[in-house]
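Below is one structure; the comments refer to it alone.
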């Protein structure tokens, strides 16, 4: 029963089969192959707009390459205080941007609020060239706490950012899960809301290792190829990245994978809600379930073979810390596209009966 | 009546005369001159210990060169949220360290508290290599709000940092003002309290442009000369830096300059305390007076030729914001070594009579 | 007939099958999986020594991560003037090392000579901290001109480097081809000759995208995990890298793939030698054939569907430029593990009959 | 008798007096003072054009800040193989530019030839984004061998650079000496010949520590203030830089200082030409005399107290190495603005009589 992380899952059969197919014969190197070209075309259909897309193997590379096209080495990048780019990508943002500053906001809530962003920007009072000035807003959809920004929240955040001359980046490591959750179109959740650059992650949801950096604002793109090459992220055999994306996007495969994971996560959430030994830390919006859990329940689940991780308590708000029973521990349960239904049922059963 | 900043003052006559003296004849370049050698020796006497000292022209260079010897490009540097290195040195810390993260703490108080530091470190729960980990604590003495760390506060902060394997940097842009304020020895305020590297600023207190990076822990020093050279801070005519420091340290000149500035600042504080149109934002510990001031008083002072700057309201605590009258604005009045007594008296008189 | 580059080939069936096998079920992320662990163990057997190995997806990442562990930002890296790191990895060496200098030597010959290296080092006369000093020697085996360093050449070059306090890096993008060519052991061609860090490339010879950074001198290793993470090269699903290497190294698969490519290259070389319209630029030591070719022959081959690229004439020595007929153009023909025998025969036939 | 380097000289009395004058009273910080403004205006007169000028304390800072505005982190900067930026500024160009490549050309001659530059550019054949491409040409006037580019040489080199889309930087550490030597106007030697950015050095010729970065092409300027600040080169007390430049440029003071140094250097050259124990390595064009000198003469001069340094033999051409007597050693004799005439006469006398 692995609920450790969706990046511990394998690739879907369809994606894997596409890789085997793409392997036949020689093809042009460095992204000049037909799979890469077709994957970009497919993304234009999916997002219903012109765009420029580049493919890399890791989410950190995708995010930080994108940010490096958006921020100068003396600019400030704003994000939620729990964001992956500020907590889990070491100092990659600094390396790729040449030294931009990453500033986390709103640490006491599970997603960035327009009030939190607005208050920061209004009171900032920097004085260039002495102070790094806000230049990029980075939003994670889903957030690191598994929350989703509603469309109107996205719109308000993007509008606020643009009032201050900033561009908007979206870390879409779990983009498909958010999309299914909101039941909207990819266009609505990105450029129509004001997102300029999207990092669309496939690795956590059915691919081996494939992420797309998608520029809706193509004026930001010009240096990307140099930045990708000099960071070692231009694969010689680019076809394998294109092939993964083509299969993943084909016939809503990506959405079906995400939908199943989300459905299972909701099942687990329902069980949590019925338990006295656990309580949801935040609502379940995608494929992640954050739970304040009694230590005895944690032990019981682990004895039965469940794999999952504790999550830093500092991500809880003060209110949560005060109201929760002291013995409760924050844990994260993640469902992936390949989590077997039997494992979900087993977990649910264990939660309900322990 | 210039109370804008102590870096708007000139050099003291003694320092200037030393520069003229040092100008005679040729001397060895790149810091291999006798003035530089003697200035380092003088610092050993002043700090009563072995040390290694290097001289540069700006505080940003001094601080960031020091930090680059202490933090790897993937480490985290902790400081008070109002610190100069995080607010007023652009992204110089990132450039010099190759991309280390600077994290501000305790934004609601005027200096870093041991509780604030302790709480952060205890709850941090990073997981290398994904998370940048705290490696350096940087303390400003005086702080950006003109506050002084008492010796026991310094000791507790340094001890806490070292518990977590960190080294301690002190930004001493106004070191002399703090020293006079505490009436202790340079040794007590630095290495005896646990400071490993001090940036001792002379520019704000009597020199033209001279800062010393002083390594008490000389194991941290080995790369300094390479770092200084490649950042363009190895002056060919090093004698001018050494000469400034020699004169400045000679016969307690630096302390007398600081003492006069501090005394004048206290005079102004007394006037503020007696006024109904102004209130001290924080106690006056050195040569800076932070005041919540009625707009009418601000205007009146400026009409009479007083120069001073507003200070970001975000540096106030929530308590201060709530309790203060709404019309009050935060301003900073700085006294330098060369502020004429008549200007201080005029200002005091204006405050008392407006 | 694709003789464009070995990085235009697909993966071998065995490697691909291993990938499919490794896909089943969940596994630990970020290189903590069993495939990664076993691949490192396998490398210890292959190289007959203790070592530390890390896996990444691109040769540029492998080379530059390795170099970043070996050179400070103010050091100089020496390599042959035709080396991949100086000509084909943009400024990745500078990005990863934080700004070290890459210096090419011996541009008039097809591999670095001990005389060329010795002369440079003896006459260098740098004066730190003003001059970047040689710290790392990087050797490519095969070289960019398809040449191989004999074991005694490697030994002499490494010894010379170490006399001057340098460590030795080997870019082994075509390591297997060189190994088959020399008919020696992996140990003899690396650490026994004096190589400290090897980048072992599988991508050009049977893998999808898999390169190993192998530290024989494990004292150089300590920062690698931080450097890999912050450059975005720590894959969440590390098993796919480990699985590729395990299959590739299993039962001399890698050597058999290389042997076939080398054999085919020699067949082509024989045909060139018998033609009046072409002449070998350099001896054929591995899977690359560099040819000075009559424009008419080039056209004829291309009309028949042969794909291959011109190579910069500046890589020829002055002697070659003077003695060759003016109309000759330098081209590179590369054979890969998956080049069909029929295509080799067709090419040979065309060369012989045109 | 100090002929070690012109950077071992002090400041001229006029410059020093200006510094003392500028010290009086407070002034605006960070280059917003009147001296800085007036110095820029003065430069517009001197160069007879619109321009933007910034002042810093070291030549390395000036050169590398300028280059960082001209080259992206993936571009190549071309210069003569003996240039200061490639031999004597450590890896500062890499730090400031974020990792651009510096490529030296024409190592066998004492200044860059248009043939050398042309041949390199024509045969370069890079393929972006794999290869760093030439973007900036950096010329030193005087060169590191004390040679001067004639106006027509400058024009041809700049034209060639611009054919290839490059901009042109001039390292003018000894600009005044070159100007006096050519007897032309500052405009003729810079923007009229095609120079886009000039680093005008005063430190070696009468100032304490003052260098100007002058943008004739002001479209290159926009990031300069951020770059200067984050490298620690924005002095708080900018007036001291402006004041030095104002005095130095006033009433041709800079040219008179340079003229005297050049005249003295020619006197020494004449003595060398009459000696059998020494021979000029290159013609004397400015204030530097490069001499192949018999070891006995070297010893004799040093016994009499002459200070001067050996220079790397690798800077000699093969022809010079072959034709010269083996026992000869390459030394550099530098005259500064403050070298006393009696010391020049003594040296001349010693050379003539030894």
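Every chain is named by a letter (A, B, C and D) in the order it is written, and numbering of its residues begins at 1.
As a working rule, a residue touches a chain if its C-beta (ideal position, glycine included) is under 8 Å from a C-beta of that chain, and two chains touch if they have at least 3 such contacts.
This structure is a prediction, so every number in the text was calculated from the model and none was measured.
Within the contact network of the assembly, the step distance from subunit A to subunit C comes to 1.
Across the two candidate interfaces, A-B and B-D, the one carrying more C-beta contacts is B-D. The greatest centre-to-centre gap from subunit A, using C-alpha centroids, is found for D. Centre-to-centre separation between subunit B and subunit C, using Cα means, comes to 52 Å.
Chain centres here are Cα averages; for subunit A and subunit B they lie 41 Å apart. Inter-chain centre distance (subunit B to subunit D, centres taken as mean C-alpha positions): 36 Å.
Residue positions 73-74, 89-91, 94-95, 99, 129-130, 226, 229-230, 234 of subunit D each touch two or more of the other chains. For subunit C in complex with subunit B, the touching residues are 72-74, 98-99, 128-130, 223, 225-230, 234. Those residues of subunit A lying in contact with subunit B across their complex are 73-74, 87-91, 94-95, 99-102, 123-125, 129-132, 312-314.
Contacts from subunit D toward subunit B in the complex involve residues 2, 4-5, 7-11, 16, 19-20, 22-29, 56-62, 64-65, 89-92, 94-96, 203-204, 208-209, 226, 229-237, 240, 307, 336, 338.
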